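Sending over a structure as structure tokens; questions will come in a sec.
In this document, chain identifiers A, B, C and D correspond to the written order of the chains, with residue numbering beginning at 1 in each.
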Amino acid sequence: MTTDSVKRAESTPDEPMPFAELGMKQDEYDRVKEILGRRPTGSELAIYSVMWSEHCSYKSSKVHLKQFATKAPKSDALLVGMGENAGVVDIGDGWAATFKIESHNHPSYVEPHQGAATGVGGIVRDIMSMGARPIAVMDALRFGGAHQDDTRRVLPGVVEGISHYGNCLGLPNIGGEVAFDPCYIGNPLVNALCVGLLRKDQIKLATAPGPGNKVVLFGASTGPDGIGGASVLASATFEDESQAKRPAVQVGDPFMEKLLIECCLELYAADVVVGIQDLGAAGVSCATTELAAKGTGGMHVDLNQVPLRDPSLRPEEILMSESQERMMAVVRPSDIPAFMAICAKWDVPATVIGEVTDTGRLVMTWHGETIVDIPPGTAADDGPVYERPFHEPAGQAALNADTPDALERPADLRATLLQLLGSPNLASKAWVTDQYDRYVRSNTVLAQPADAGMLRISEAIAGAEPTTRGIALSTDGNGRYAKLDPYAGAQLALAEAYRNVAVTGAKPLAVTNCLNFGSPEDPEVMWQFAEAVRGLADACRTLGVPVTGGNVSFYNQTGSTAIHPTPVVGVLGVIDDVAKRVPTGFVAEGLRVALLGDTAAEFGGSEWAHVAHGHLGGLPPEADLEAERSLATVLVEAARRGLLEGSHDLSDGGLAIALAEACLARGIGATVALSGEPFTDLFSESAARALVAVRPEAFDEFAALCAEHEVPCYGLGVTGGESLVVQDVLEVPVSELRDTHTGALPAIFG
Amino acid sequence: MSAARVGVVTFPGTLDDQDAARAVRLVGAEAVPLWHADHDLKGVDAVFLPGGFSYGDYLRCGAISRFAPLMEELIPAARAGLPVLGTCNGFQILCEAHLLPGALTRNASLHYVCRDQRVRVESTDTAWTNAFEQGQEITLPVKHGEGRYVASAETLAEIEANGQVVFRYVGGNPNGAMNDIAGIRNEAGNIVGLMPHPEHAVEELVGAPSTDGLGFFTSILKKLVNA
Amino acid sequence: MARVIVDVMLKPEILDPQGQAIARALPRLGFSGVSAVRQGKRFEIELEGPADDAAIADVRKMAETLLANTVIEDYTVRVEA
Amino acid sequence: MARVIVDVMLKPEILDPQGQAIARALPRLGFSGVSAVRQGKRFEIELEGPADDAAIADVRKMAETLLANTVIEDYTVRVEA
């Protein structure tokens, strides 16, 4: 078999290369030739095509994402910002947290179980590569209509995949979202978040310094996973013999990943790792080019050393394989024996595949011939950058003009409450979350159905420095709001996550985000994207929380129909004394119930308009970020002083749903009275609001705190009894609320 | 007198070992880490086989772990009377090793289930349950995909007749287990296995909304101190 | 180099919820005429040498001690034709 | 009344972590001479009628749509002797 070596490329300058089949444009291919001063070899083309893909290079989004840095609020908490595998935040007492959310949308549509499972696996390796112990996961999910046929195929598979992989890793699942909308049929969203913990001085980076240091590939062996495009290269061009069509589906092995986690942590503790990188999309190509580009600039790799699951793999395929559960480390030669011994203890195969050099070139050999010889930075950092055209969608003005004002208001508010509470988006997600282990590691302070997940820090790592602190996390996003106004929609996503963290008593500190959109080549989608990024960056500045990292997922569309623009935002907060966390809902009888924040008649994109009328139009609720900030200040301070017995944020479905969920938390009813127009008071989705439960004797102090921060505080009533009573409006036994809330998803999914 | 020493076993893929060790320490005993690949019980007074997915739960839960070098030491020691508690995956391993009768199979719902479960203590005559009251109802989390206890009709009749059923699910059976069995013991009562997780119900702040799991650890302490 | 197949099935008296779930789903998917479904495991064991009597005896032991849990499962061993 | 067997195995190029875990465990248990193990599923389908061509075609469709995930698995259908 002939190998397309550099020598061969030099002597066959005009040989046509299948760059188009690999998704590369003519001008991009011309740039590669210009960089190399010759045509690329097949292996070099493999590297450039994947490194310059949208997924790896962010070529369409880069110019916009810059705002997260240029508009970033000053924050002392940020230890590692965007651009690394994950951001790292200072959480005090010498501790740091690293967290990131990432999409695995398309693979989860093709093979729901494995697609979702490997999504979890990938994000966990990102967190490991920062030097951290992963301590929890979350999952933000969007599916087509709950009653649509394909949803019954996709949802159970996705949930099982997340459940199986996360549970096997021993990572508690502490939160997430499940939402349904027909716009996601054919394009489900599977966004997985992982959070990790490390000491501030133990951060690891993806870098390969020190000529002479060894490059070690460890973990699973390399097979033909997810290399769809590469088979074009391996077969069509150079050889006549036809290769079997390679599978696009990656299969995860959570057991191997669990071993990798423990193995990596022991390697870090033994201080035998100079640089480390996980292998995700673009596998060996990505890890070698990025490590080399950030180190002393050179690396020599012998591809024959890569352990293969399938010995027939060609070098191009090895370079592009997305086999899971692999990591690459840079190790001092003197540390190799210790490194290998730790890998052996954990049954993790490890192989030296190369060496760091100071040549400034990434050189790879195959059976002694040089098949890659490139400046690594040109693949890793100097990818193409597009200023894609964008403009407001043709129908946007009409969409915004079609307000919900004309929709008929319900006569029976009790029936409306039950209708919403039993609708798929608002119903209990226990069918999903009961499949997730939320207890493992015994540090889970709050998990579903709490507004935010919360973990104690002190015991998270055996023998660790004691601290009373905890961290809280929430992810949120509302595609309908973003469809109506992507600028405001992104801000509302941040506001909700920020609020969900604050109601537990934690102070919001930092942001991660996953931006799920249609095709960037559609100027109308690109406008949605640009607006969402602008909105999120502005909101982060106002709220004083920097973006630490994230992920962009484009091409979520079927034909020319894109999903609703769906920015999903994750917020991480810190609580100084985790014992002071505020549980979600009404936890005792006889507590005063108060509503914080003002309510206006805001029904654009609301759950009521969606469920009762199938309507989407008008404008989303106003994103009043100053009000969000004051609200959070009050909630965090009140928790610190021990004034709150329970709380719950208001979001989809408004006050009515918040009251019902608060009653369901412990099966304790409440009697409340409204002061305004009942329908608006109960179902409007105005932002910057929360429900609190306060001991009567603490109420005056709490009200004074609200007044001090100009947060409106309305006493609504008191907890207790067997029913939720809204005086003169409705009364529903808690048991009926429960049946409606918990029965909905099992009735659909079995 | 030196503290009671409770060994906590780690297999590749064990998940709840830190939790188990923490619970052991909470009652004032010493938690001694035991490693699957060692032929060494380190002279412990009792052994906790924690939950997880040892060997990925591939093949059958507990099937591969049962052959670990450590198990070659543990199996005869347990037969000779060493107190052993297996929770979840630990229970599965004890059944695979034939230290306890029966087997654990795929949940009838075919789904993994994580929830707070009420169970009734049916036997206080064991090394691990002597601090409970007969018939006491406690709340412990369950979290498993293969927890449906099954046994042949004869075995089932035998363990019922011998009083070897230690825990029964009440208020709903999470996995379809025969006779609502959540946990069993050997005849001697030194070996107990159960699907629920006492180690996740020992602190107010974290885990399940109960501290009923503490009883397991105070039981073994009482047993060892009195021994 | 030979291949030996080990089939492992739950004993008939042990409930097989996976098989039952499939049997229940069939009519909904438009399949009739199936009275029962049982789901088990199939192992393909690649031997380095030939499938002679000694090798088969070895695989049988493997099935008995590892691949099947004989408390609840039956197994069969056969050389692939 | 006939019995049809459907064997479902992961496609050869798809990672089989279960099979690998078993293969890795064998030497430790004293079994040598096994080069690879793959684990799949076996379904026993009891038909109400005879296993004629129509019934087999039906089972084949069942395998294709329900029993196997053809994105990652292959299947074979045969009538039990």
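Please note the rule applied: contacts are C-beta pairs under 8 Å (C-beta built on N, C-alpha and C of every residue); 3 or more make two chains touch, one makes a residue touch a chain.
Note that the coordinates shown come from a computational prediction; the quantities given were computed from them, not determined experimentally.
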item: Which of A-B and B-D has more C-beta contact pairs; value: A-B
item: Centre-of-Cα separation between subunit D and subunit A, whole angstrom; value: 36
item: Gap in Å, rounded to a whole number, between the CA centres of subunit D and subunit C; value: 9
item: Subunit C: positions in contact with at least two other chains; value: 66-67
item: Interface hub residues of subunit A, defined as touching at least two other chains; value: 253, 255-256, 347
item: Residues of subunit B whose C-beta touches two or more other chains; value: 55-56, 58-59, 64, 67
item: Listing of all chain pairs that touch each other, if any do; value: A-B, A-D, B-C, B-D, C-D
item: Residue numbers on subunit D that touch subunit B, as the complex places them; value: 17-18, 21-22, 25, 28-29, 39
item: Touch list for subunit A against partner subunit B, complex; value: 160, 163-164, 167-170, 253-256, 258-259, 346-347, 433-445, 456, 459, 462, 578-579
item: Subunit B partner contacts - residues on subunit C that touch it in the complex; value: 10, 13-15, 17-18, 21, 66-67, 69, 71-72
item: Residues of subunit A that touch subunit D when the two form their complex; value: 110-111, 114, 220, 223-225, 244, 246-247, 249-253, 255-256, 309-310, 323-324, 347
item: Subunit B residues touching subunit D - in the complex, by the definition given at the top; value: 55-56, 58-59, 64, 67
